[in-house]
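Let me give you the structure first, and then I'll get to my questions.
A, B and C are the chain letters, set down in written order, and residue numbers restart from 1 in every chain.
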Amino acid sequence: MTDLILQALFSGVLIGGVYALVALGLALSFGAMRIINLAHGELVLLAAYCAYLVETRTGLDPYAAIPLALLVVAGVSAVLFLMIDRIRQDRELNSLILTYAVGIILTNAILLAFASDVRSTASPTLQDAVTLGSVYAMTGEIIAFGLSLVLMVALWWWLKRSWYGRAVRAVSSNRAAATLMGISPGRTELVAFLVAGALASFAGVALYTMSVIQPALGHALTVKAFVITVLAGVGSIPGVFLGALLLGVTEALTVTLASSALQDLAGMVLFLVVLFLLPNGLFGARARRG
Amino acid sequence: MAPAHRDPRIPAPASGKPWRNAALVGACLVLAALPVLLGASNYLLGLLISALILSGIALAWALLGNLGGMVSFGHAAFFGVGAYASALISARLGVPVLLAIPLAGLCAALSALAMLPTLRLSGPYFALAILAYAQIFRILATEATGLTGGGAGLQRFPGLPTILGLDLGSRTGSYGLLVAMVALSALAYEAIRRSHVGTALRAIAHSEDATRVVGVNSVLLKAWMLLLSAFMTGVFGALNAHIIGFLEPAYAFSGLWSVMPIIAAIFGGYRTVLGPIGGAIVIYLFDQLVAKDLIAVGHQILLGLVLVVMVLIAPNGLLGLLKRRAGGRPHADA
Amino acid sequence: MLTLEAVTVRFGGLVALREVSFGLQAGEILGLVGPNGAGKTTLFNVISGLTRARGTIRFEGRDITALPLHARARAGIGRTFQIPQPMKHLSVRENLTVAQVFGAGRHDPARIEEILDVMELRAQGDRDAEGGLALQELKRLEIAKALATEPRLLLLDEVLAGLESQAKRQFMGKLKELHARFRLTIVIVEHDIETISGLCSRAVVLNFGQVIADATPAEVFRNPLVVESYTGTADA
């Protein structure tokens, strides 16, 4: 039993790394534009299907699909951004509905292109089991987790150090003041959106190497990403990371101790508990009350 | 000082032209009676019944969005609760169906009580929190096999009864009942919109603090709108259940019951009363008769496209677009 | 009728109000004086329920410290904002109707017309409250809205700012009329010594969030502590 629980904790942490990438993309575009991109999970899924396509068509490793995924997701993100940018009236509400609609389009487009079957990587290398003491993992899971860590550090560095990163933070905290300082909000928002798309690309490919994908998954990913941002409280990268790990572990423990049918319920209940009891999220922060 | 342009989102007070409203209501009734008078086939009536169910939910969704200022991505929760509540109340407790339906609406409103903490959240967070609730409800319904029959479904519950010689369970009877229910909902909506509560809600949407400081309990008013919207949706969920005669969680709590009303209301114009109703009928018939024919699996991609186009070109919906044309307002700000 | 006991407000590390205590008699017109940033508006926010504070606030013998914003209005506290906050996209008349129905708990169209007349807003009654009014009209609407909630305590935040001296004297007369006609107790934030002296029976001076004087206007403005804190702003 202890072994099972340890195993669940371990697997939960590993999937949590990918969840963190998904949530960071959502949080980044929200931070920069004050807009929740409800198609974000679908963007992740789009990247995952790019990996599937490359693997089945060329026989290459799924990670070889990253350039393609970046290209496709960045393209869709750019189109999405241009559409959001056109909204003049009730920006918050209409952008929500717009991205939701784009999510519907993407889900159904994926359904049309790849059918509703469940897909997963066929790579024997990625599916190799690695044993660490009493717990084990697939190589794919370890690589995906490592990739997530690297990307998170890179994102943290980018937001902290680069000009664009600082511009993104400036625009998200005070749009008018940033404009006065010569930062173009439109361009910064586009950059933030594209970086969110890049995160989604990596997350999608990583997801494909360690888990199963199907067209309806995109929506669920968006919800997970949202749950994580609520857990984290808006703001910090470490907060999102810890929130994602918590969600991953909670889901894995539920599957081990109860049933896999309740997996999604566990995350939701966690979400509600935080919503009711800790209105500012687990890790402090502010800014989601009306 | 700039001339006071009316915000195009705010419907102009219609009180000045009662004859126009009467004519509008009359035209709607004639339109509603037309399929029966022309002897439409059971197939077509069946389609229209489903479209009217959707009209009811779209109206409930728009009430929350327009009056309460809240976008919900989880109305499937209320629809499902209403459907199961009515089926179970009538089958297990032997309550007459026509009484079970409003009780089911109350159950849906009760389930919305669990969502009240989300009212503290601002726009996008509220929308997503409701979405999370809908997921929880679906999982719970699937797992509570003792109550809902789980994935195997539930089909032993009564259909609509015969009242005064009119068999409500027949296609024509159901159609008539739904026209009446949609009309009733529209009247209730309009009555609230014109009341002081409606004015206060309009004020809250644009200047919440200024409205609270004169004594308006904004959270309470929004809560009432959420409960009312849930009630209406639950009632239409219940009606649909008794007409279809079969329930399973994947159907009753399907995400489609969240998606379709949004598309319908946005398409028709969610800041109007007639918009969501007409929008639902057009969108449903388009989906069933045109989209399904073109693309068998994944036909909702077309609905997604419609939604994108509407938000970009006509965020006030078709009705808003027509009104602007007719009113000849030169200051279109979209 | 109103008692503040040790009211303290902190914004992060900044203390906006420190242990503020004073009482208010029914029917009084109290001037609230102090340099910019002294905490006058914060004090209004605390009394009207917009800002949470430590300490105790009693209104007509009842502890209202925990009452939310809307309930304070219903309890009988009306206020205006320095920068007018009308209910946008509602007409002037609708603004008053909402205030009356929800703030006073009754609907009395005749009284709304009366308030419109008193505040000289009848001609603007059907105009949009946001786009259709000049600044001084918006300021009168602020008072009209507060009056529509049928308050017993009215908090006025710099309602005379921006008026010429002639118009200011007229408006002071108007405030005295409102005070008598609606049986109000008034707290008014004002910089102008002449206005305070002409209007108020008592003045409370705030500086850096603390009460530094509480006496008749004449006494207050002779107080060296007040003069020191106030130099430069008093004549402005």
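Definition applied: a residue touches a chain if its C-beta (ideal position, glycine included) is under 8 Å from a C-beta of that chain, and two chains touch if they have at least 3 such contacts.
None of these values were measured; they are calculated from a predicted model.
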Exercise for the section: Determine the shape of the graph in which chains are vertices and touching pairs are edges (line, ring, star, complete, other). Expected result: line
Practice task
Could you compare the number of C-beta pairs in contact for A-B with that for B-C and name the larger?
Solution key: A-B
Problem - Between chain C and chain A, distance of the C-alpha-averaged centres to the nearest whole Å - result: 50
Fill in the blank from the handout: Between the Cα centroids of chain A and chain B the separation in whole angstrom comes to 32
Completion exercise
Per the C-alpha means, the centres of chain B and chain C lie apart by a whole-Å value of 44
Handout entry: Sites on chain C at which at least two other chains make contact
Key = none
Fill in the blank from the handout: Multi-chain touching residues of chain A, meaning two or more other chains, are none
Completion exercise
In the complex, the residues of chain B that touch chain A are 9, 65, 71, 73, 117-118, 120-125, 127-129, 131-133, 135-136, 139-140, 142-143, 208, 255, 259, 262-263, 266, 295, 297-301, 303-305, 307-308, 311-312, 315-316, 333-334
Practice task
Could you please specify the touching residues of chain B with respect to chain C in the complex?
Solution key: 1-7, 10, 196, 199-200, 202-203, 206-207, 209-218
Exercise for the section: Flag every residue of chain C that touches chain B in the complex, lowest number first. Expected result: 48, 50, 68-71, 73-74, 78-79, 81, 85-90, 94-95, 97-99, 101-105, 107, 127-128, 131-134, 145-146, 148-149
Handout entry: Residue ranges of chain A touching chain B (in the complex, touch as defined)
Key = 30, 35-36, 38, 83, 86-90, 92-94, 96-98, 100-105, 108-109, 111-112, 116, 219, 223, 226-227, 230, 261-262, 264-265, 268-269, 271-272, 275-276, 279, 288-290
